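First up is the structure itself, then whatever we jot down about it.
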Amino acid sequence: MSIWEYANPKKFIATTTPVIPWAFGGAMLCLLVGLVWGFFLTPQADRFGSTVKIIYVHVPSAMMAINAWAMMLVASLIWLIRRHHVSALAAKAAAPVGMTMTLIALFTGAVWGQPMWGTWWAWDPRLTSFLILFLFYLGYIALWEAIPDPDQAADLTSVLCLVGSVFAILSRYAVLFWNQGLHQGATLSLDAKENISDVYWFPLLVCLAGFILLFVALVLMRTGTEIRVRRLRALERQAQRALA
Amino acid sequence: MKALLLRDLRLAIRAGGGFGLSLAFFLIVVVLVPFGVGPESDILSRIGPGILWVAALLATLLSLDRQFALDHEDGALPLIATSPLPLEAVALAKALAHWLTTGLPLTLAAAPLGVLLNLDPAAYPWIVLTLGLGTPALSVIGTFGAALTVGIRRGGLLLSLLVLPLYVPTLIFGAEAARRGAQGLEVATPLLMLAGITAGSLALLPFAAGGVLRINLR
Amino acid sequence: MTLRVQGLAVARGGVPVLTDLGFTVDPGHALVLRGPNGAGKTTLLRVLAGLAPPLAGRIDLPPESAAYASHADGIKATLSVTENLRFWAALYGRPWADQVLDDFDLRTLKDRPAGTLSAGQSRRLGLARLGVIGRQVLLLDEPTVSLDAASVARFAAWLRERHLGRGGIAVIATHVPLGLDAPELDLAWFRADPAAVSHGTDAAFL
Amino acid sequence: MKALLLRDLRLAIRAGGGFGLSLAFFLIVVVLVPFGVGPESDILSRIGPGILWVAALLATLLSLDRQFALDHEDGALPLIATSPLPLEAVALAKALAHWLTTGLPLTLAAAPLGVLLNLDPAAYPWIVLTLGLGTPALSVIGTFGAALTVGIRRGGLLLSLLVLPLYVPTLIFGAEAARRGAQGLEVATPLLMLAGITAGSLALLPFAAGGVLRINLR
Amino acid sequence: MTLRVQGLAVARGGVPVLTDLGFTVDPGHALVLRGPNGAGKTTLLRVLAGLAPPLAGRIDLPPESAAYASHADGIKATLSVTENLRFWAALYGRPWADQVLDDFDLRTLKDRPAGTLSAGQSRRLGLARLGVIGRQVLLLDEPTVSLDAASVARFAAWLRERHLGRGGIAVIATHVPLGLDAPELDLAWFRADPAAVSHGTDAAFL
């Protein structure tokens, strides 16, 4: 019994179908608790005012945007090396979720930037990197859409994901070099407590857990859908040939 | 490889679209910018190096979709693929031909065009140096993108979309080095990074492009 | 060197087209592929040429010995006839021999830009590439389309004498008789069984 | 004419290259400019309207070579020419399809993209208004240029060179009106001129394009 | 309506190709053009279709009555077979009739993107356009290239019964026999002397 058995589409669907509702339920619960706690039960920060509460959406979505790309990278590698269809489809399934997370982070950031920095947009390194990440997602999804043959599409998007990751990291450093920013440093680092007090910290963690669960649920569900689409197409072809 | 390179160069010259296309486009962009942003020369000279870099990048981007598409349409690509030349070498030859017909003329034309943008005389050598260092990377990265989209009819859009994010680091370091050089600031770091990107792309991307071509020809 | 194919199954656009195909072609011999439109001739030749992977089965063929020729001949309109041919010779690392211009009746056209040739003339140019690259196994997809009777005969003679006569092999898909003394293989017999589970990537999902 | 228009729109959507291409290119240019010229928001907001106009114009220019070239390559153009539809109507239908897939989306996308260039809020309505007024002229003029170069393989270069000078008046009045509008100055004159150019091009150029097509098909 | 050609001379790329050509085709009749590669069949058909001007002579043909069909059929790869045909019907202002799918054996392919058809299948689609636009005079350049024997026979039957049988006219350039009972015209007889002072624009400078 190896983990690769789950790479069988049927086995994957059979295993994940019961998990999805639990993941969704957990996500909803965490988000509800985290957001209500964060929005209504925390004090207003001196410097930020009530706008600080955007953090409960902004930070988790920003983190998931990056993690989704990392997951796609791993899944692409698995496809290229072991050629498990499920992993290619999982990468495909994760992309729109990751892109949406990027958009949410960009949007909440812009909404937050207006009161904080007096502008919707600044060419801050962090913000700029996210814009570039958004373009990467766009290109990746567009490539999937453009190629009719699913295996070929999987191969090409995987290579794009590999090469793209290298350049994404390069861009990150280029952007840092290019402009000094306004944006906060990493809060969730080891010396986290020096940046942000526990009052905000705990609900944020709960929200983060919620976003992670939501991401897992969405990706599992979308992967299942992709598998079913492929299965449907295969059955259609079989039926067509039986007619001919 | 020499045969392929020579043929591509000859085709580019015959069609007139090689050297010409990208240069003309470069010229167009540089001419249009003052019409768009207004003729104040102080602003123009401040944004000059950046505009030259962006224009060069766009001109490169636009000549990319011919890289493999023409050979794909008329059926030459599978015939080249079954020749003794490995596809990695094909990609390298194509990138080289692209640079010779695009990157090199752009680099040489950048200095005279700078006049249109009221560029500071101190900026000229830096523009030429950074473009000369950076355009090979643009060609190689672009060839990889072209190889990715070769099977797709009218893949031009997709190509731009895929290649643009990959161009960002090159553009940032190139334009930054040009700007700093023009103002007499320290330029070693961006120049080194630029050279590093070019060297790395040249060493690795032909392999990626070859692999991707192989997938696309299946 | 013999071309040997066993238990071959091929697909196009993910749809299995042919199955359980097997044949052997010895040096100096040709095989003619027959079958109605859509039977899978083009698909089979592309697989033999290594341009598409087979679904199943094996193909014994030394690497870099096959040349594929189809309607799209990679002819560059702005290069002259000779320049086109010389490019292929150089790419395949072969010496250039003027002889091929006579073999394919291109001598009078040799300096014309390839774009100004008539349909049949540019077809001859496409075929002449085969004479230039010196490959042992020719995989030809409807080679005589647009050719007049004299050109067809000339091509058949070239094939017989200069290719097969020197130990070459040819697999030819065609709808019109070429006047070659070669066995025919009707692909209609090998149509992929509609009821069978496909061997393609579909199989993983069924 | 409706049949042709619908087919072209359908092809544009199918290929994904229609709406997408020009929009993506527009976005690309707007994102690249700050990387080139640097992130200072005061400079960016000063050159913003001009950059948006130049970017829109480039995006239009680039989608032009598909206007007739695809139909020419696959042999559809002579077949369309021998149909009962006069070539003038063909040109008009093509221009209309081009505007719907290029000019219109660009106009709508200009406002959100302005955010990236730190555009003054007062500038938004003017950008949208001037682009909405000016892009039809760009499409019609471009269609004429595409008709001129239809027989030429890889006519892209020539097309840009021919069309660019024809675009200059539209660009000047369009960008000027946008800039003045943003600064609250008098805009009636450039706006009127812009509207006049659009009306004139729409009325006359389809005839020129039709005639030129007829010559090219001989 | 009769197609009448008198004293026609045609050139390609500025070089005279045919001269002094004259013939008449009555309604319900076909004319087959013969001649070796490069004889000028394509050139002649393009002139008859009005796509190129004649050097000299006259062509009597009512306007908007002719349709030209060559290898390049204007097929859009991303549109389905039916969408391709419906576009032509709409452009020529003709009602859409499903019948044509049967005439050209396209019914099973009708929803396939045209880009996925085999060579012969897409040729059938190109020919089906002729059935849709309802023109009286068909100018066909090697219409049966890539078609198998059954499709050739089917096309010949369509031509005989549905086109000529209804008073249509056809001029057909071909290298393979179509099985039509039609007179043949060998263009080799009308070859223009390329060295002769041409009637073309060159003449003004000689």
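Worth pointing out:
Note that the chains are named A, B, C, D and E in the order they appear, and that numbering of residues resets to 1 at the start of each chain.
We take it that contacts are C-beta pairs under 8 Å (C-beta built on N, C-alpha and C of every residue); 3 or more make two chains touch, one makes a residue touch a chain.
These numbers come from a predicted model, not from an experiment.
Number of steps on the shortest path from chain A to chain B, with steps defined by chain touch: 1.
Just count the C-beta contacts per chain pair and the biggest one is B-D.
Of all chains, A has its CA centroid at the greatest distance from the CA centroid of chain C. Across the assembly, the mean Cα position most removed from that of chain B is the one of E. In whole angstrom, the spacing between the mean C-alpha positions of chain B and chain D is 24. Inter-chain centre distance (chain B to chain C, centres taken as mean C-alpha positions): 37 Å.
Separation between the centroids of chain A and chain E, computed from CA atoms only, is 57 Å.
The set of chain A residues touching two or more other chains comprises 135, 138, 142, 146, 178, 244. Along chain D, residues 15-16, 20, 24, 31, 35, 38, 153 each make contact with two or more other chains.
Each of the following residues of chain C touches two or more other chains: 13, 71, 78. Of all residues in chain B, those touching chain A in their complex are 144, 148-149, 151-152, 155, 157-158, 161-162, 164-166, 168-169, 172-173, 176, 189-190, 193, 197, 205, 208, 211-212, 215-216, 218.
Of all residues in chain C, those touching chain B in their complex are 49-53, 64, 66-68, 70-76, 78-79, 83, 87-88, 90-93, 129, 133.
For chain D in complex with chain B, the touching residues are 15-17, 20-21, 24-25, 28-29, 31-33, 35-38, 43, 46-47, 49-51, 53-54, 57-58, 61-62, 66, 70, 153-154, 156-158, 160-161, 164, 168, 171-172, 175, 179.
By the touch criterion given at the top, residues 16, 20, 24, 31, 34-35, 38-39, 41, 44, 115-116, 118 of chain D touch chain A in their complex.
Chain contact summary for the complex, chain E toward chain C: residues 13, 35-38, 42, 71, 116-121, 123-124, 142, 145-151, 175-176.
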